[in-house]
Each structure stands twice: as C-alpha cells, then as structure tokens.
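Below are two complexes that have chain A in common, paired first with chain B and then with chain C.
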Partner chain A sequence: MRSGRSQTRRLLTGLGFLLPNILGFLAFTLIPLALSFAMAFTDMDFFRHNPFRDEPIRFVGFENFAWLFGHPEFWHYLRNTFFLMLGLPFAIAGSLGAALLLTRVGRRPGLIPGALALATLVLTGSLLALRAGGMSEAGVWFVFGLTAVTALVAGVFTGGTIYRTLFYLPHFTSGVATFVLWKKLYNPQTGPINHALDPVLDGVTNVIRAAPGWFGVGLPLLAGVAGTLLAGWQLRRLRQHWDDATAGQVAVGFGAAMVMLPAGFLLFWLGLSTGLAAGFALGAAAILTILIVRRPRRWGPVCPVDTGLSAEIALALGLVPLLLLGAAGVTLGPALPAVAVTGIEPPNWLGDYSWAKPAIMLMALWAAIGSNNMILYLAGLSSIPPELYEAADMDGASPTQRFWHVTWPQLAPVTFFIFVMGIIHGLQGGFEMARVMTLGGPAGSTTTLSYFIYIEGFETGRLGYASAAAWVLFALVFVLSLLNFRFGNRGTND
Partner chain B sequence: MTEPAAKIPSTLTKSAGVRAVAGGLGLHGLMAVLSLAMVGPFVWMLLTSFKSYSEAADPAWMPQAFLWQNYPEVLRVIPFARFTLNSLMIAGWVTLLQVFTSALAAFSFARLEWPGRDRVFFLYLGTMMLPGLVMLIPTFQIMVHFGLVDTYLGLILPAAFSAFGTFLLRQFMLGIPKALDEAAEIDGASKWRIFWDVILPLSRPGLVTLAIFTFMGNYHSFFWPLVMMKTVDKFPLPVGLMFFDSERGQATQLLMAGVTMSVVPLIVLFIFMQRQLIRGIQIGAVKG
Partner chain C sequence: MKLFFAACVIGLGLLSAALYWTQADREGDVPVITWITQNDENKRAIVDAFHQWIKDEQLPPVELRIDNTNQDPTKKLVQGVSGVGADLLDLYMYEQDLFPATGMIADITEDAKRLGFTPDATYPALRGDLVVLGRQHSFPRNAGGTLYWVNRETFAKYGLPAPPWRWNSDEFEALGRKFVAAANPPGARQRIYFANGVSRDVLRRGLGLSTFNETGTFCTLDDPRNVSVLARVRRWVLEDRLFPTKEEDAAMAADITGYGSMFSHFTSGRFAMIYTGHWGFIMIRPRGVFQLAAVEPPQDGFPNTEMGGGSVAIYVGTKQREHALRFLQFLTSDPFNRLIVRQADSLPPVPRYAETEEFLHPAGRENEWGVHGAFAHSGRETGILYSRSPFVLFSQTFRIEIETYEAMIAGRLTPAEAAKQMADRINTEIRLTIARNERLRTLYEERLELQRRIEERRAGGRPVPAAWVTDAFHLAYYRAHGWLEEETKP
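This part shows the complex of A and B:
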C-alpha cells in the first residue's frame, strides 16, 4: 500500500519535471505528425482551403501517393537527393584524414625555430613578390602567405589547436552565409574559382594538343582496368574476413557493382543505349554477388560489419574517382580532337545541369571536413589503447598495416555513427542550398526531396502532395534507421 | 597512417634528428596549406567586401583601394541592426527556453526513479529520428490557426523544446555522482532544490554546450523564418541578407560586407567557447 503510493508520487514528480517538454512534444511533434499523416490522404490545397474560401476537404485515399510515384519529376528529385548523398564517403574520409593529421601534429610539439625560419622565409618572399608585381595581383599572394604563415606559427606554438579551429570554422559559420558566399565563388564570370581555373585548363589544352592520338581512348580504358583490379582486390579482402551474413553480403553486392561498372561504361561507349549498358552491368553484378554469397559453407564465414563497411568505404573512395575518370573519358574521348582546337572552358558550375550537383557537393565537402565528425574522430582516436599500437609495432607492422588493422577497426563504431547520421541528414538535406543558391535549378537538377516538399507545401500550396512526399521521406529515414539499429548495435557493442 | 610517433631510439643519430625536424616542418606546412584552403573563401569574402560596385564584377581578389564605407552602406540600405537584433533576440529566447526545458526533462530522466521512465526516454530518442519536414506543414497550419504567423512567438515556441537537448544533458547528468543528491535528500532538500542547487550548477559544461549549439542553430535559422515572417522589420539576419541577392539586384560587395558582419560574432563566440564545445560534442555522442 505504502509502496504503491510512493510509486505514484515518484511518477508524478518525474512527470512534473517532464511537463514542459511533454507539452511541447504534443503541440509541435505529435499533433503535427498526426495532422500531416491525415493530410497526406486528402486533396488539401492552400488556395482552396483557407479561412477566406472554405471548400470541403476531400479524402482521396492513396491518390497523392499514386500521383507522386507516377510523376517522373518526383523520381528525378529522389535521384538528386541520393546523388548529393554520394559525397558522404568523401566527407567521412576528409574528416578522418583531418583528425589523423591533427592527432599527429598534437603529438609532436616544439619545432619553433624551424617554423619561425620558414615563416620569415615565406613572409620575405611574399613581400618581395608584392614589391615586384605591384599591389593588385601580388597582394593576394601576400595575403595568402600571411594567412598560411600565421596559421603555421600559431599551429607550432599551440600544438595544432589553431588548425583545429580553422578546420572547424566553415562548419561553425555554415548556413545561409556560406551558401551566399559560395554562390559568388562559383559565379562563372566574376567568381574567383573560374578565374583560377582558366590558366590551369589552358595548360590541360596544351597537353591534349601535344598528346598522341591513342590518349583519348587509352586513358579511360586504363582507368577502367585499374578500377576493376582495385575492386577485385577489395572483393578478395572481403572474402578473406567473412563472418557475419547480411553485412558481408551487402558489401559484396556493392563491390560486385563496382567491378561491373567499368564494363557498363565500356558497353555504353561501344554504342549500347544507357539503359541496356546499365542493365547488363547490374545483371552481371547481381550474378557475381549471388555466386560469391552462395559459395560452399566450408570456405568460411561472411565478414563482420566493420570489415564490410570499411571495405565498402575504401572501395567507394578508390573507385568513384577512377570510375568518374573512366566515364568522363568515355564520353569525352572521341571529342578530344575537337577540344584540342577549341580549348577547354571552365564549367558554368551552378548554371549548368551536370555541374550544379558536383558544385554543391564540393561546397558541402568543404564544410563537412572540419565538422563535428572530425571532433568525434579526434575523440575516437584518443581513446584507442596505445598497447594496440605497441603490439602492432612488435609484430613489425607498417604504417599502412597499423592503420587498417588497428586504427580503422577501433574507429568502426564512430564511423558507423557518422555514416548513419549522415544518411539521415542527407535524406532531409538540400533545402537551404537549393533556396539560396540555385532555386532548385537548372532544370530541377538541384531540387532535392526537401526542396520539393517546400515548393509543394508553401509555393504551389498543394498540402496533400507535400504531406505525402514528406511521408515517403519519413519511410526512407525509418527504414535506414532500422538498418542502423540492426547493424549499428552489433558494431558498437562488440 | 598516423599513430603515436614511434619511440625515438636511444641511439638517435644526427640525420634522424634532422629528418624528424624536416618531417615535422612538412606536416606543419601541409596543415598550414590545408588551413588556407579552409579559410580561403573567407579571405575572398573579406577582400570583396572592400571593393567598389564596378570592381565587384572583376574576378581579381584584391580591391584597388579598401573602401570601408561598404560597411556603413549596409547599415544604411537595409535595417541591418534591426535584423541582427531580431536574430539575437529570437536565438536568445530559444536558447534560454530550450536549455531550461531540456534540463528539467534531463533531470527527470537521469536523476529520478519513476515507473516507465526508460520507455518514455526511448520514445523521446525515437522522435530525434523524425524528419522535421514531416511536421513542418501542419505546424505552419497550427500557427495560422492560432494567429502566430509573423510573430516572434511563432518562431520561438516550436524551437523551445528539443529531444536532442534532453539527450545531451541527460548524458552529462548521468556522470554526476549519485551520492550528492542522496546527501542533499538526507538534509531534507526537495527534488526541486536538488535540481536547482546541486545538479544544475554541476552540469554547467553541458548547459553551455547545449546553449552554444542552440544559439548557433537558431542564429542561422532560415527555413522557418522565411515561411513565417511577412513584415520586413521582423526578419532575422539570414532572411534579411537575401535582399542583396534578389532578382531585383545584386550588390556583391554589400552582400559580402553584410555576411562578414553576420559571421564575425559567431567566430568570436567559437574562439572563446571551443574547448567546452568540443568536450560537449564528444560526451554527447561517444558515450551515448
């Protein structure tokens, strides 16, 4: 009796402290969630259903979803969203690389005399350049030199804190300010990026003019072969470390797709349509996956999640650039003679259908390298027991081996956390960039799902469609979160 | 690739020492160059903010002469001070409310025992997974219904409650020794007294971290104010800055001056708070 009463008391106290949050949760999460779910099944439209013009709202069942799925634009925007998420492995690698470098700097203090000497040298050099070249152009080099030297000297004195600060700066100031700034940087006429690219591209044109005729065909072929070899090597690594079914299979599937992509490009280049070439490549990848996954049991178990994941990310990192190079070669190769005549123009970045997405990914990478992910990696690195490295040293491990066998597996939980959060964020992302930088264009190439929901919900006013699209997004996030719990828990609790 | 530097052997030769110094210099040089790549866009922003209107169309980095008057010009052309004040006020209120409600909830989850506590906590965690976009449209409808569109309250209220903040502060509060509340309880302190006088002062680093995160996020906030605010005088800074980048006209040099002025307070805040901030991020995510 007494205990029951004290139980109630405790419950009331506990809930009492929770009350403000619960009210907020009801008003701004639960009720909107329910409303949104209801709206997704109605034909609600802001211009027909508002306080001034109150038409009855109709229940339309799954019509909104049918409209979405039947609408090519929706699939286009979904593809855009996923395409922008391809930057994630690069961002992860960048953060990890930055954290590794910072750790290394932090552990080697005291090179003050050398740094000061170098600083003096660079400063004198920039001053001389300034005098020689007049203020305007050389002044920039002076500013650059000054910035770099300041960072260098401060870095040596602070043991790397200043580098961490500077790396983190883009992330910290991110937001509309960054997007506005990069929009100006990307401007094809007045922006500094193309200004800097012009002389570089002239150099490339000169190389093309001087290159032998087989160059345009040979280079993409070489990239394709290198990509295939790399992918095959990674597949072998995967097979050697198998012991957990599903993750390994996913990784193998990914690897197989990567092996087959160059073949797909080759078919495309030989004149097959995109669909056919992709179909052949994916089919071959599927067959390869099945062959590897359904191998005899006695060959050993499937790889654990961290090996699978590490192989996937390493694969993506090594292969995507090679594949892109191959693809660029395949499409550009035959055009090279013409290019040699006309020269190469720098891209029109945000104004070009094919360049707008890479431009946005590049900017996101700049902001993501020194982000919270880097901080998490720094924490992860400092919590790796030094005995592991000592043991590795005893066994005579090379720096590369130490990284792949000690550092990378020890960081697997952090990587997994970053990866999954990155996917969840990526699915919802792209609204502010699109709104500030491109308005979703050109021709919808930077419209992500979130920007589409904004347009439908607040500009065309079709709340029913917008809610339906939001719930499709929710379903995607939910499925990926489930995968997170299924694999992530295993990865972190081991 | 980079592990703790190998133990320096006792038979350290001169050439090995030279190599170590050269390696260190190379590393620092690389870091300086990378830092330059990170800061480069900001350098361009700063230089462009001193250009004249006609020079802003010129891709050269250096202005012919440094025109300081772009800064007063920004203040004259748009109500910049007003926008900044709006942003500071909105972000300030959101921060205050969110830290307070999150601390209350975190106290309940971390320091009180009540039936069903952990299940409710997991429900809270679950809401972190919900994409904010799903709730956006109905929340706007609710705002329309209650007449909160174009009011500060409509911007502040929805942001005043946060599952993330609750989670972060709970992690901090779990690290405070239990014996402290027990001692206070024996002295006859109420739960509120324990919260206010014992736990809250001890979770100061967590509160500061959450405050910085919340403040920054809301100082940057663009989407919700864009949808909600109609009166120009009530615009926060990110929305207000868009005046310099509209279909009606582009004034790059003024835009850059405005962006510089909007970013500087953040950089100052970050430089002073970075130690606490970094600790907060690490505790919030790694221990969770």
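This part shows the complex of A and C:
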C-alpha cells in the first residue's frame, strides 16, 4: 500500500517535470497537426472564419486537394523544390569530404600540415597576384584573405580543433544572417564573388577571342566525344556489374538514369521542351535498363534488387557533374565566340531566372558541408574499427581502395540517415531563403512548396487549401522516406 | 530538485504578473491608443501635433503611441484576425481591400459623418480606397499620384531637352534612346539609365484597358492592348535599355533603406528620371539642392496617373474606439494638414491645402517649385486608384502580374503568352473565391448581370448609370468620355 502511494507520487513528480514539455508539444505540435489535418478538408479561410466573421466552416471533402493538383503553379513550385534538392548528393559528398579532411588532420599530422602550408602559400600568392593585377575592393579581399590564411595557419599549428569549429560555423550562425550575407556576396555589381570572377572571365574572353574557331567547333566536339566515352564507360560498367550480380535492377536503373539525365539537359539546352527532354531521358534510361537486366547472368547468381545502389549513388556524384559539363560544352561552345565579342559577364546570381536556383543550391551546399552531417560523419569515421584499415593495408590496398572498400561501406548507416533527413529537410526547405533573398522570384523560380504554403495560408488566407498543400508535402516526405527505407542501404555489408 | 522546480514555477508566475501589471497602458489614468506605423521623425511630429490638438480642442486626454515592430503586412493581418490588433492601423495599397475583407477593420461610415471625415473631405479619386462595398473603413493621412521626377541637370549635362509635361510612348522612347546613347560610351557596360522603370498599368490605361472589366468580375489582361504594352516594355528594358531590369536595379542597390538605390542614383545622375510619389522629397532634400521637375508618365490616348496613399483605419476590436476616431478627425484638421505640407510627405489629405502657396512654392526651395504643382494637378485631375476586384485579393493580382511579367523578361514567355497567363491565373483565383464564398458569389452574380447590361448599353451607344461601374479606371474613363448617365443627365 505504502509502496503504491510512493509509486504514484513518483509518477506524479515525473509527470510534473515532463509537463512543460508535454504541454509545449501538445500546444505547438500535436494539436496544430491535428487541426491542420482537419482544416485540409474544410473551406477554412481567415477572411471568413475569424473572431469578427461568423460564417460556418464547411467540410469540402477532397476539394482542396483537387484544386491543388489542378493548380499549375503547384506543379511549378514542386519542380522547384525537387530541383533544389538535386544539391543533396553534393551536400552529402561535401560533408563527407570535410569530415575526412578533419579526421586526417588529427590522424596524419605529418602530411596534412604540409598540404595546408602549401595551400596557405598558394592562397597568399593568389591574393597578392590579384592585388598586383589591379584588383579593386582590395579591403574586402584582404579581409577574406586574412581570414582564410589565419584559418589555415591556425589549422597547421592546432591540429584540427579550430577547423572543426570553423567548419561547423554555418550551422550555428542564424539562418537569416547568413542569407543576408550571401545576398551581399551574390550582388552582381558590388559582391566579392563577381569581383573575383570579373578578371577570370576577362582572361577567358581574351583566350576565346584569340582562338574563336577552337572554341566554336573544337570545344563542342571534344566535350561531345568525352561525354559519349564517359557515358559508354558507365553503361559498360553497369552491364558488367549486372553480369557479376554486384548490381541489382534498381542500381542498374539508377545508373542508367544518371547517364541519361545529362542527355536530357543537353536536349533541353538545345531547345527541346522540358517535357520532351525529360521524357527522352526517362525513356532512354528505361530502355537501357531493360536491355541490361534482360541479359542472362554469367553464373546465374541472384542478388537483391537494390544491390550496389549506394555505389551507384556515390559514383553519380562525380559522374553527373562531368557529363553535365560535357553537355554544357556541346551547347555553349558554338555560342562562345559571339559572346566573347562583347565580353563574358559574371552571372546575375539571384536575379537571373536561370541562375537563381543554382545560386541558392550553392549557398545550401556551403551550409550543408559544415552542418550536423559533418559531425555525424566524424562520429561515423571514428567508429570504424582500425583493424579493417590494417587488414586493407596488409592486402596492399591503395587509399582509393581503402575508401571504397572500407570507409564507404562502414559509413553506409550514417549516409542512409543523412540522406533520409536530407530528403525530409529538402522537401520542407526553401522558405527562409525565398523570403529573405528572393521573395520567391524571379518569376517564381525560387518559390518552393513551403513558401507556396506560406503565401496561400498567410497572404491569401486560404488556411484549408494551405493545409491540404502541407499534407501533400507530408505525403511526399513519407513516400520518399518509405522508398529510402525500402531501397536505401542501411547496413554496412553492401 | 522538486523545490527548485516549484521555485521556478512560482518565480516565472510572479514575473509574468509583474510584466502584466507594468504594461504601458496600466501606468496612468490617461488611456493609451497604439498606431502601427513607421517610427520616424515625421510620425513622431504627428503624434506631438495630435496631443497638442487634443488639448487645444479640449477633448478627453489620450496618449498616442507608435508601434513600429508590427508593421509587416502579414503580421498585422494575422494579429488582427487573431483578435489582438493595434487600435490604429496604417493601410497601404492592397491592404485597403484586404483588411476590411477580414472584418477586422471597423465600419466608420456613421462616425465619419458625425465627425466630418467622410470621403468628401478628401480627393474624390481616393473614394475607392476608403469605401469598400459601400462602407467607409479608413481616412487618408496622405495622398498623391505617381509621376516621373526629372533631374534637369542630368538632361542638360548630355545636351538634351528636359521631357515635356505630357508625352506619348513614342516621344518617351525617342528621348530615352537619345539619352541612353548620349550618356553611355559605346562598348562599355551601361551605367546610366533613362529612368528606373515604367508603370505598365498607366500604359494600359492610356489605351483604355484596365486590369478588370467594369464590374470587377473578369480580368481583361489577355486583351491585345496589353500584349502591345508588354511587348513595348520588354523592348524598352531589353533592347533600348531605357531602364535596368529588376535584377540590375537590385544589384545597384547599395543602401538598405527599403527604397533601393533609386534616390541616390537619381541625384547622382545615373537615373535621369525616377517614377515615384511626392513623398520623394523626404529622401531627396537631405541629399542636396537639385533642379527638379515632374512630368506625367507616357500614355497613348487617355491621360492618367496612378493615385494612392496611406490611410488610417481603426481595429474593430479596439477598446478605445472614440479616441481612435478622434485621431481620424485630426487628419482633417488644419494643424495636421499644414504639418504634412511642411514635411512634404505626399499631398495633404484635405485637397485645399495642396493649393496653398506654402505647398506650391515653399520659401527658400525655388528648385522644387516645378514639382509640387504637378503632383497637386495629378491628385486633382488625372489620379486613378489601382483597379481592384472584390473577388480576388489585390495582393494576388499584383503578385501574378509581376511574376508573369518577370517570366516574360526572362524570355520564358512571349508577350502574348504572358498576357494570357496573367488573365488566366487571375480569373482562376476569382473562380476559386466565388466557389467558396457564398456572400461574394451572390454579389458576383449581381455584378455579372450588371456587366451584361453595361455591355448591352454600350453596344447600343447608350450611357450607363455611374453606380453600375465599380472599377476605378472604367469609372474615370466612362466619365471622361461622357458615357455615364449622371454626366449626360445631370
């Protein structure tokens, strides 16, 4: 009896401690969540449903969803959201690279400080050269230069702690402050990025003017041949992996799509409509996949459909940018001599329809490299058993082989977690950036689903409609997460 | 630990109580009213003048305080519909129909008659801003049209004549081309522009086209006249380079005043003209003495200028309604209007003050004399409010028009496609509104019937009752052409 009373008291005490959190969770998460779900099926609009209007709220079934799917802007903003998410693999690669670098700084003091010292010298030399070359805005450059040099020198002497702090800086700096900073960096006329690009582009312009024929004909030809060879290599590689049962159907499909994606971009840049270019890319990828997976395997072994997917994703990080560069070379090359006549201007980063999204992706990449992802990778790297590396060394593995056969598979659970979280954040993201940097423009090119929900909810007042959009977003996150769990590589033995 | 937890709870409770009891309006016996507006020198002078006026008129004392932390339109709106708005709210442009539509703005029709601040006390052109669906919701604290400010020194520097007071698009284009060619060395990056931009609305209206039809039931921007306006503006921006693109303009913005670099570029000669309101004096005067003039924007047929202003409305949930009403009454007073004249913050709300010598020819400011009269003329003769429809929020119309225009400038749409997309998207929004809002659906059906009758009468060459035409532009256009019954049968 006494023990029962005591237990009840302890329970109540525990609940008392938890109560503030539970109340906060109820008030700011659970109840709003339930309300928004209910609102998604109503005509709630704060122009008609507020303390000063007594119109009844009507249940409208799935009407909000039907409107949403019939709204062309919804699809436009959904495409924007997915486009901005294309930066995710690069962000993962960046944070992994940063983590590897930071781990190596501590682990191999002899080599890395030397490299850092060399980088310091190069950077200092570059800054001096820029200054000597008549670089304006010298003050700005010296501030940047000094910061970079200090960071590098400090890194040499302190091992890596200062680097970890510096790399993590974007994460604990207020989002709005960094957006304002990037807006200034991106300013086409007064921003340091374009100030740095100006002399480089002037140099490029001079080179093109000196040899217009080479650039007009030679560059597209070279880019086309290189791109074709690279694509052929990847397809041959996919076929071989399929034969060896080291790639499943999903991996082959993904690998083929990664080859055809730049081809789609090439067609789009050559003037084909988005739909046709995307249709060609997807269709060609599907045909190639079918052609490969219909081949009988050499020894008849069977493997799960997602075998080798993580390797394809990792490869795509390097392959796709190279193929895209090739496609860009094919399309841009012929136009270069004409452009060089008037001079090549640096981009109008946030103001140009075509540049606004890549500019935001670049900024997001910077933020993602030094984020929690990097910390997770650092933790993941420190938990890899050293005996695996010793065994690899004894087998005579090169650093690249050590990475692909030890580090990368061992980091698979971390990568999986980062990828899932990245997809979730990517789908939900873009609001702050759009609000602070571009207001969703130019021409809606940086309006993401989350910003669309904000506009519909708080500017247009259609709370029911905005809630429906929010739940569609949730459904997307849910489905993509399920796909990740189904096909993603969570284990360390792939 | 339990004791510590309990102490925290008690401590926080006591602090909350202390905060509540020390709120501003609990400090004294004088009631406090809050006004959401900018907290600048001019507004503080208005607050002081209001306090003095209350004393002079021997009205019950009240303290007016400025709240500038909640100026963001979305913040104002969300606070208002949540039941915690400020007593007095500044309303600008699209807020004039947005806020009353929520029911959060008090209906002051009867009070305005009692205290003398009906729409008749200010510019007739502003009526559509103050009266929404037949009920008055606000009164202006300033008013005015938008004109091109001309820096005559810039034109003289390049040996070109200053623009005429009234001109058409071809004349505008011809002078603009000459200016850009004279001011920018060939082969170099363009740094000097003819103007900061142009109003597409004024150009459309000049051709007799409005955003909506006479009754606001349909967006008419897919009209060929809009296509021609868009094509011309695109040419001015991309080929003739009379104005910077929006991006170039943003890129030139070195300051963070919220007005971009417009004023500094105007005074430094990088913009020969800027398109803005009379309030520009607040920004230009501190920069020095310039030889100024103001001219109408170009138009091909029907002379018009964009009219607007900032008005003040009362929150429906205010506990100090009578004091808030006194502030609106103060806006018609002599001290307030003379203060606005001295501050040069747009036109004073009572039109007769814009005809005084003090306004037209301020002593010691001879360089400005060509500007004040031009703005007074615009407010009196040619100013027309933005076209609005009760069936679609002005903010949506505005956003869609801009977004589609930007897509055209970015080369993603042709002028014809842009015009069609503008109309399609706005009409879709109208359909969404009336599908849900029963009250507006009834009104929409009534207006559709009116529209049918208007078109029938116009086809027969007969005049139309003024009460049928709700669109600000069409009303002015019909009146100017003698198509209104009230005009033909006075």
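We take it that the second predicted complex is superposed on the first by the 333 of 494 C-alpha atoms of A that agree within 3 Å, B and C clash if a C-alpha of one lies under 4 Å from a C-alpha of the other, contacts with A are read in each partner's own complex, and residues count from 1 in each chain.
Basically, a residue touches a chain if its C-beta (ideal position, glycine included) is under 8 Å from a C-beta of that chain, and two chains touch if they have at least 3 such contacts.
The model shown is predicted, which means the values in this text are computed figures rather than measured ones.
A.B. asks: Identify the partner contact of A:Gly461: answer first if only chain B is touched, second if only chain C is, both if each is, neither if none is.
C.D. replies: second
A.B. asks: Figure out whether A:Gly441 sits in contact with chain B (first) or chain C (second), or with both, or with neither.
C.D. replies: In the superposition, A:Gly441 contacts chain C only.
A.B. asks: Have a look at where A:Leu201 lands relative to chain B and chain C in the superposition and call it first, second, both or neither.
C.D. replies: Touch partners of A:Leu201: none, neither chain B nor chain C.
A.B. asks: First (chain B), second (chain C), both or neither: which does A:Leu376 touch?
C.D. replies: first
A.B. asks: Could you let me know whether more residues of chain A are touched by chain B or by chain C?
C.D. replies: B
A.B. asks: For A:Trp67, select first, second, both or neither according to whether it touches chain B, chain C, the two together, or no partner.
C.D. replies: It touches chain C, and chain B stays clear.
A.B. asks: A:Val406 contacts which: chain B (first), chain C (second), both, neither?
C.D. replies: first
A.B. asks: Could you look at A:Tyr353 and tell me whether it touches chain B, chain C, both or neither (first, second, both, neither)?
C.D. replies: second
A.B. asks: Once the structures are superposed on A, label A:Gln189 by its partner contacts, choosing first (chain B), second (chain C), both or neither.
C.D. replies: A:Gln189: touches chain B and chain C.
A.B. asks: Touching A:Phe17, do we find chain B (first), chain C (second), both, or neither?
C.D. replies: both
A.B. asks: Share the list of chain A residues that count as touching for chain B in one structure and for chain C in the other.
C.D. replies: Correct list for chain A: 13, 16-17, 189-190, 458.
A.B. asks: Given the complex with chain A, which residues does chain B contribute to the contact?
C.D. replies: Against chain A, the touching part of chain B is residues 1-6, 21, 24-25, 27-45, 47-48, 56-62, 64, 100-102, 104-105, 107-109, 112-117, 120, 124, 127, 129-142, 157-158, 160-161, 163, 166, 191, 195, 216, 219-220, 222-223, 226-227, 238, 241-242, 245, 252, 255-256, 259, 262-263, 266-267, 270-271, 274, 278, 281-282, 285-286.
A.B. asks: Can you tell me which positions in chain A touch chain C when the two form their complex?
C.D. replies: Spelled out, the residues of chain A in touch with chain C are 13, 16-17, 43, 45-48, 50-53, 55, 67, 71, 73, 187-190, 345, 348, 350-354, 441-445, 455, 458-462.
A.B. asks: In the complex formed with chain B, which residues of chain A make contact?
C.D. replies: Its residues touching chain B are 7, 10-11, 13-21, 23-25, 27-29, 31-33, 35-36, 39, 98, 100-105, 107-108, 111, 114-115, 118, 135-137, 139-140, 143-144, 147-149, 151-152, 155-156, 160, 162-170, 172-177, 180-185, 189-192, 194-195, 366, 369-370, 372, 375-376, 378-380, 383, 386, 389, 392-393, 399-400, 402-403, 406-407, 414, 417, 424, 427-428, 431-432, 435-436, 450, 453-454, 457-458, 463, 466-467, 470-471, 473-474, 477-478, 481.
A.B. asks: Name, in rising order, each residue of chain C that touches chain A in their complex.
C.D. replies: Touching chain A: residues 2, 5, 74, 77-78, 81-83, 101-104, 189, 245-248, 250-252, 254, 316-317, 393, 395-396, 399, 402-404, 406-407, 409-412, 425, 428, 432, 436-439 of chain C.
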